[in-house]
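Okay, handing you the structure first.
Each chain carries a letter (A, B, C, D and E) given by its place in the written order, and its residues are counted from 1.
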């Protein structure tokens, strides 16, 4: 039996600790490299991007200013997100029940999705004035499409065999919606919510480029015109981190809701 | 298949001259042709035939899930929709099709939660059964509060059967409920079904492409042939009840299985 | 808002900081009827004429004392916003902007005051760029903001240089691209970029269209036409308050510093006080040096706008010759000056 | 047998012509209603949006101007699309082979995806000058993420049983990539391409707001400052239609490539 | 299972003391325990047992698709990886797993297209067969240029078998290749496999949970029991070859099926 080779244990077991360390190390190393490249560029071209410590200094010297702008933008983003996502979901419910609605709504939704919203936002300010409304509308528009698509797919993606059970029971449309379509759609709805959440802050910021003097978008504009690189890039990073936090919240909510 | 006058039950399912065509991308398929069938109340009847012979289509027409092109279907003297509106049809599909967000008990209770207007209609022949009693009978009492994804495939299929029986419908339609199980779990599931059926004596129309399964479970096996789907013959299974696993090892059983298979083969050759 | 908050009730006539009454009860009623007034600045809360004076008028309580409820907003698409009635009063860059807007889709606005009677924009090059005449611009990359000004086109064309031989590129507000070499020349405000770049130690050369015979204006305040007609006293008193504040700022260096502090507060961050001070002083000088004889600050005339109107036609920025008479509504500005050309203060 | 009901023929057969007409009519009716609402608003508020005929007149009076801007923007959009999508795909290939790459690249990619690109584009112009490069980079950035995600999922979504066959044959990584992963990924790659194609024009237009005097973005900016509503909205609609055309092209390509 | 000295073939597959644990989310599962097995060259050996007894896991360890925790595996005197590198293992999975973008013929040719270095290695026991010949033998000649999605389930599974045979490997490993087919297609596929195998006489390790299938196809049935997966017994199937559909109706066949089932049941009871 000497020729029989001893099979090696599964690689996953042998190196699982090493691999886990590697998984943590890889992004860290990558981030450090990116930071170094950033610093090099910042010192190489002073009017391109600020050095990291300039951002840290600015952020820590006036946290309330940053928090105030963040809160302003976050409000528009969250209200717009809730409104846009709700309308999209309601429309999706209509679409899975009324076929004509689908063919009517979808082309328009697609058209809106490929329209440069940033070019429209001045018109919204003309129409709705210097209130929060136009900013909320921009957010609602940008978050609308991903949720519409995902909710429509989700509400349609019921197990056909479970549907047969409901149909032989003569379940009402309300029964089917509440007890079958809705729970079945949740994974898709959360996927849509992730997409929507990642664009909500972007929409709010872009809309704040005009029509307001508050919020992160206005602050970025102001920083651009005064060439305050530290403020501009602190805001950009702050907005990106806020979006990531929103994404994280959606993921947590998903894990709490979908327990099956 | 004619109802014998000696049968003291009424006719649960009456089918006359049913035709069904499917049209996909222009090409038409004759799925069912000239189907005539009577199922007396309280009988276990199996539709047996090769893949594509229209077993599922016929069962779906009985359930009102599919409309026929011609012919007539009547359940207890009324159209399928009327029986369905009174929740008098229990449908047990091929996959367990449990709702993953409900516990096993909640799944078994599904029929009580939907179409509540039916509960207020009079004259129903439906006698809902206690879900917990059924789960116990199916050996699932310990899993009543578990979610379907914590169950094995065989247990899930048993939960699906519990749901069907809990509805208490006089007519149960089952479309290959065991086809996804491995041979050994399948045998266990078959025996459980036999036992339950012998206790509650519902009218059952069962679909399978396993000759042994058809013989083990049924009072009558309806042998179907494809292209177009027709009823070739009806084989009476005069094996004694209650039936058990020991039955499968008898020569009588083996002979009936061979007979059913041969009937199918001869029908097929005749069709070609 | 440190001053001018003496009155909070709607019926009583408010008093100024010193307790004096600035407006009659009847006129106060009329101004209040105008409701909330949105004023849009021409460019953030920069230390420019037509912006800083309005900020000061607000902070000094003049507006409130004149029974005006004015909200100041940094502008964006001002012509559109005023014409649509979303905002009532706004600053625009020059008379040209007013006429172009009226020739397009912002027909519903009129100019009510023109501050500067020479152009405020020019082109900058680096001192050592080797660009020594307008002809040297051919083939060079020139940065402009938002749109190529008619003044620039006129400066080149009037002096025999085809502007289309120049590589125009739209740029942001950072002048550093000029010394960094991304552009060889840069459209700029006389009061801003040259100061900024010189302050950073660069030697820049200025190409002023005025020096090449191109006449223009800078900073006009516009009003929504219908709204102006409906609330003439409000428009008059808005101008009255602004020009009173204009004088107040220029009364002392300390006042200017105070006003700049107010603008800085509204800008939240990045406001360069030293550069802003220089900017204001430069613009005030441009206004003063170009003030036409017989016209008080802000007053405008057909003659004054004529060269710009002609240029717009020449460079096809408008389809037909604009009517200057219709573009201006001088009833408001003329009403706030006495026969001797002094501002009537307080209001009647 | 009189009580036996004659079952009705399938509804789909009976009304298929009617339904098809309905499917065409629904979006038409909806579009007509939208157009009417547009016209009403345009006449109600002259400086908000232009009446439709004003756009048609402007478009037809100088088609070469519009085509020139379109072509300019389309070039940046297409070049950026090809570059962004190629890099994303190459990275996805790397990611499915080197696990550490995934953990390194994904967080950064996610961060970039939630960064307001429109705020970054001035910095790109500072870095790359007044060439087409910064516009191409903006497009490449915005199209990058959807393709990265979809290609990664696609290249990983191979039938495990087919993979077993390849592994027992000791197929090389190249074999697996070329003959299994790549064809398996195509449906996902096309889904990513659809998302990317719908944002490519948007990215190009936003980037053209500064740094150029050519292209649809610059034209929209110009129209905004001169308040030429007809030009502005013609450009917006033209860009949306171009995006839809790009989407259509991707769909055609998909149908030609994926024939199984 | 010991190799009889009379057997003039060598040992194709030798397994000694193989152990396998799976760890999922902390909890460990003992999937295989103390597996010893010799498969002589040219034999058709079937692993038979209930779901979860480790049949697939053992087969995957033989193929080198999974590593064992302990024990030794040798194919033709070398580790699985070496056989695999020479393309000497043909793997036929549970689903047909055809590449949908390739025609049936191109699918059957797959083994020639990948791992071309193996074709240049000397000493291979591999004798690639003509894909078209195999497709013809499997009744697929008319579909050689069709794409898999144009085929029925049974035809796809036959194409998968053609791919396995075309490779010409001396060792074929099949994991329930017929379990997704309906009973009638399944019987046809079994008979086709018997025929092909009797023509080419490869060494086959076949996995099934159908006792009838195991008896019909095999020289030997290895009965496995679960928790942990063990070899409970090896049943020699001394039915004559060539085998045909008529064999299934013989008493001898039925007796062997019952014997195999009983062996399994007794092993299970012993394990519990």
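Some notes on this structure:
Just so we're on the same page, contacts are C-beta pairs under 8 Å (C-beta built on N, C-alpha and C of every residue); 3 or more make two chains touch, one makes a residue touch a chain.
Values in this document were obtained by computation on a predicted structure and should not be read as measured data.
Steps from chain A to chain C, minimised over paths through touching chains, total 1.
Taken together, chain C and chain D share the touching chains A. Centre-to-centre separation of chain A and chain E, using mean CA positions: 49 Å. Here the CA centre of chain C is 87 Å from the CA centre of chain E. Across the assembly, chain A contributes residues 45, 47, 122, 126-127, 209, 224 that each touch 2 or more other chains.
Shared interface positions of chain C, i.e. residues touching 2 or more other chains, are given as 77, 80, 84, 172, 174, 176-177, 180.
Looking at the complex, you find that chain A touches chain B at residues 159, 161-162, 164-172, 175, 179-180, 183, 258-260. The touching residues of chain E, when paired with chain B in their complex, are 50-51, 152-153, 179, 182-185, 209-211, 249, 254, 258, 264. Note for the complex: chain C touches chain D at residues 77, 79-80, 83-84, 100-101, 104-108, 141, 143-144, 146-148, 167-172, 174, 176-177, 180, 182-183, 317. Per the touch definition, chain B reaches chain A in the complex via residues 60, 63-65, 81, 84-85, 87, 89-91, 93-95, 97-101, 110-111, 113-115, 117-118, 147-149, 163, 167, 173. Taken together, the chain D residues at the contact with chain A in this complex read 19, 22-27, 29-31, 34, 45, 47-49, 99-101, 103-108, 110-111, 113-116, 118-120, 122-123, 126-127, 198, 201-202, 205-206, 209, 220, 224, 232, 235-236, 239-240, 243-244, 247.
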